[in-house]
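Just passing along the structure, written as structure tokens.
Labels for the chains are A, B, C and D, by order of writing; each one numbers its residues from 1.
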């Protein structure tokens, strides 16, 4: 079984279109609009807008002005104005549902669709630029491969629609917004869309990992908390009245150094990053405002919690030092969740034999953070099985760098193998003696 | 002698129009355009655009994109498109020249016209907001009174045009751009416009100094160097590959703290301010770029030089610490220049008796920095006399704060007193036995 | 088999005597003297003084004045003056050798004997203080259990001497100086004393690990580099001439923060500690000298090297920032070395059945650093087998704290089990088909 | 009038003896003992020990162990054991009183006698070392010329004793301890010894100021607060348990940087110095204790207060950052006090004509801090006149450096001129119509 050349070509076309119109978290108006249009064409039902999200559980949504500007931009770039309006205050993303009408399990896939806040390299050594599909949007770039994920999701929707008659049960494909910053999963989970899922697979393209190497149960993700810090001091003329100021930038600079100096934890890996610092209004004015965008991580949720608690002390102490106010806002979070070990042999079997697959491992994977863990956790709580699959690529630049590019050959590998996951799901779950199609008690 | 009520009213109208359309240094397209139009109407000759500036001596000019955007904005806000085009790449400001055709001295005034990079307070306690003339431009606000300076300049041009028949010699009024950041004077001086000046007076409204109190020879200005620092490191995923990054923000934060910690100087006042720090692209990316906007000051040029030299060491050391590149660009500078002591009694006499003037002192003034010192220096080098006048206001908020507002009553004080300066200039210079109208050897 | 009560009592007596006379690395004059005297009494040969060490490979030896003072102190506290003189410039430690005269393997044990630079708690809640055997030496305390190690070594020497007739081959017991700071092993290894060893066992008491729990092959040790930094600036009167100083303390403080902020490594655990900072001469003098005592660690030698390289950049950059000189001196180092897996079942068998032993594991152990790895490495290079054994204790305070105390019950566990190691060594090595008694090719 | 050669020689002998036996503040046991012996020999009454000081007003007294050790040292270096015992817990210094028995004013001189905490240069380029009178005491050095001050005081006592018959009223000479750190004056003032003084003169040798140049009314001193900070965190093994520590050194390093970064004050000169930082016990232990010795200064007491208040915020914030305890103890302070302008012409007249005197100015002087201001303040409050005299030297190295040395020629200048001050005091005070010999109302 191999995909038709036309579909393989279409995967690349979709991916490059998404790449060129990169949209950061909660502003995926055009991307979502395009996906909805394809799904509808294929006969999938779609859930989007406020229906998709429990509003109170959304994290890290941009300001209303930003959303308004981005909606306009999206429409100018070809998004359907009605759909964009329906997504309103950043209710982006879409859930595609394919009901077969036949009794069977609920199999769910997750593909994330948002871009990074990166400035893409504009240099002929970078293929997207050389071949004319680099991002046209300022400071937005697909530096993590979600453009490819979205394309795999559409490819999977296509082949499933074509073979709908061979399927039983229900297939759900969630095109998730705002994975960067681990913000977007929580409100979709809270809205209940994962409560009836029997089998859940999240998918990620992984660079620098050997072309075609597969991880069936990625377990390396770190727990993480994303937070913003705002310091508010008092401005003053730096020449005439320096003593009247209360310098928010000095507080922010001190906090930055001391945040990075939080002691390592003997229990396992920890991380901290002040990714953005923005402070001050003019060269000759004592800075009265500073904003930091920070994240902590930990190999376990406990280690992440340790980092976050220490970080809050550092942030508060820096404000105390300079006699200024501060505010900390959590804008994203991810816990750890292990893949269901019962599921991994099945996933392995589905990838084995797919053209382009090289080695298959059952654990490993990158040390980033993922809010798909919230979906995995909910599926497991409701009695389903869940895992996270990595598809390896042999690329020379890491994720989240201005030179990142994916290996488009791997798109078909994802589509084909995940089609097999759907085709055999009912039989596999029967073999475990699991009552699918309805919630079962969680595994221990 | 008092100004006609109509002109007094017009001073306020001009000032509020400039205030509402605040334009930072080198982007004073609309302000310059409006001034040129008034000067032309009054019969003054005008010099503007590239003719006004020695291009190679311009400091701290914004990037071409910024200038293009600002030109568009200025036109949208009513600037004459032809004049704006003539100002092209930020050749803003205008020199008005009134030739009387009669032999006599060259008397020159300087008024600066640019705004600060401040966000104006939008609150009814702030008169410009309450009365509807707060700045309509984002992050641009007249927080230093240059809107008032420009209005005084136009008022002076008006009364001089009306009384042209009583005058001899030449009057020049320079409406200078980019005083904030001490950037704009150098290229006008380098173009030679001050080489023939016999008497030079710069003017500044001073807050918190007692309504109507005058300083005839402001000598408190600090020497200053304005510079930008750009750090360039290496980005990396903060969770997956932190060790592969080279963190430009850590370098910038360390530099900021250590810059502020440069030792005080026993020889007199020194200052340092990192007014702006902007670093990083995304929360989960090791920041690969950081930009600092910095200034040093000193009570003498030597002390400022000490600060700047130490600052360069700090900046370079922070780069070395984190294994990254750095670049330092000087974007503004001011030296110290003492007023001509011979001139002060005359200036005093011209302010005495003007309605609204309270106490008059011959020295003092604020501890900011001024590039008018470059004009003063050049005038003195060429044998002329030069001073810097402060006009006191009783305001409750300092310069360069988001609540700054001027006392509009002082505009007429400036116009009236400086008219007197022109009227008596020839006689005063004669009384000193000075050959005016042509260069004389510099005073010791 | 159980130890005679008299010997068990003697183990405690020895340990408490060493505890009361704690001696930091390279100053173990009294401890070494006492050990030599016991060994001689038992009939062991002893190697000590410059013969024991390759001088050029010694790391982190204190200054001559310190050694002179410590020699005097040791003699005042009962050390044999002749032995102390023989140890001269810090050539402490002793190798005991028991030649059976019968063909057989060379079995070697290592016990470290130095104390920490800690101030012991003087409080009745701390048993050594309450029972009168707290350290009498200022800022020297056995906070790592080496007092217990030395006692186990003497106990083992005692039982081996008593049962010499049952033994074959050679037994070596190295009482190693200066393990703290991973300084003392290198020069003994370089002198060749491990080149003929067939089986090597290092021993450590481990707190907080469950009473009697044994690790036969401790593999958690981190590679480490210990280094001193000296910054030399220029002193000046802080009130009168602050600008003339070059502040070594500001450099040291900046370095300290940035050292702790060196990014974590995705490849495994890393550590950094500025354990001591000492700077300045007087409150009103700009500090012209600062000394830092620093260590880096890594889960692999590569990670440690990464930390050390980054640390050198930080240290150099801080000097550049403040215009001062700096010097970095390496005073200790440890690499990683895995235990010989073939040896672990034998070690397990020797501990099994010893009264007081609870659970036995074959890997694990603390994340400190150990220079016994240098001995292990050399033994393995020369064809021998090597491991590192941990003996667990259920104590409430961690190593290197001012409240540390050992569980003296564990001393006998060590003596008894390690006696069994010697008794069965020849047979075990024969069972592996190893040619012992002479070097064999290294294992892969 | 010139001093006899023998006395001139004796001045140098005294000075070199004091130099060789430098004693920091509150440990001047030997220096005080030697001075008392000379004064007694000359027939002066002496007040010393607890009688001289109001105990509760003493600042910055060393710990009891230090005092005990220093008393022992002083006796070993020739101090009178009875006198040393009388000085007990650091009640050093002595007041010499010469009662003439004749009605007249109380004229008082102050000479400070303590050394700095400096390590003297041991190099032949440094005269005290080359000529064998460098300090024999570790980390104690006369780096501020107080050895010379004490010698001038003894010289003055000698000539006054010789000419007692020509004098009227009372002469007091206070040999003050602990001027370094501005600690010693307060408790002597509080004990009332200055309440009856009509004329007060403090004296200081000033380097780098031109040989023989005199300042009659030194007014450049800065207000100052001296304080110690102790941070107490939690120790932990830096390899095994880094997350369990609370790092006092990180807090201290952060505090140090941010203390030096406290904004300059537009009202005048400010200073800050963290002169000493001492932290940590061992390289591999997270530092649980850090001590900082800090001072702030200001051109006015208000500016100093501003610095001290900001400093306390910084210190507290750094503790908050790292979750540790902190304590701030004030150990010294000095305010500003202007010299009595009425007195200066008289002082000028007394120095004029003295051999060795060059230029005389009435104001100026160094920007250090002085607790003699507390004496000046008290004398003025009680109706007396007070000033502070500088005697210039042409030396190449500044105060408080390891190479400092005085110009011994200036000792005689001080003795001779100040003898004249006593001889003419009654007549001068009469000429002002001042009721001397009893308190008069303070001058405005």
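Descriptive notes on the structure:
In this text, a residue touches a chain if its C-beta (ideal position, glycine included) is under 8 Å from a C-beta of that chain, and two chains touch if they have at least 3 such contacts.
Here the structure is a predicted model, which means the values were calculated and not measured.
Farthest chain from subunit C (centres taken as the mean of C-alpha atoms): B.
Between the chain pairs A-B and B-C, more C-beta pairs are in contact across A-B. For this pair, subunit B with subunit C, the centres built from the Cα atoms lie 67 Å apart. With centres defined as mean CA coordinates, subunit B is found 49 Å away from subunit A. Shown for subunit C are the residues that touch two or more other chains, namely 240-242, 247, 250, 254, 257-258, 260-261, 263-264, 266, 271, 286, 367.
Interface residues of subunit B, counted against subunit C in their complex, comprise 240-243, 245, 247, 250, 254, 257-258, 261, 263-267, 286, 306, 310, 313-314, 316-323. Listing the residues of subunit B that touch subunit A in their complex gives 116-119, 139, 180-181, 222, 224, 226, 235-242, 244, 247, 249-250, 252-254, 256-257, 260, 271, 273-287, 290, 293-295, 297, 366-369, 398-402.
Interface residues of subunit D, counted against subunit B in their complex, comprise 257-258, 260-261, 263-264, 266, 269-271, 367.
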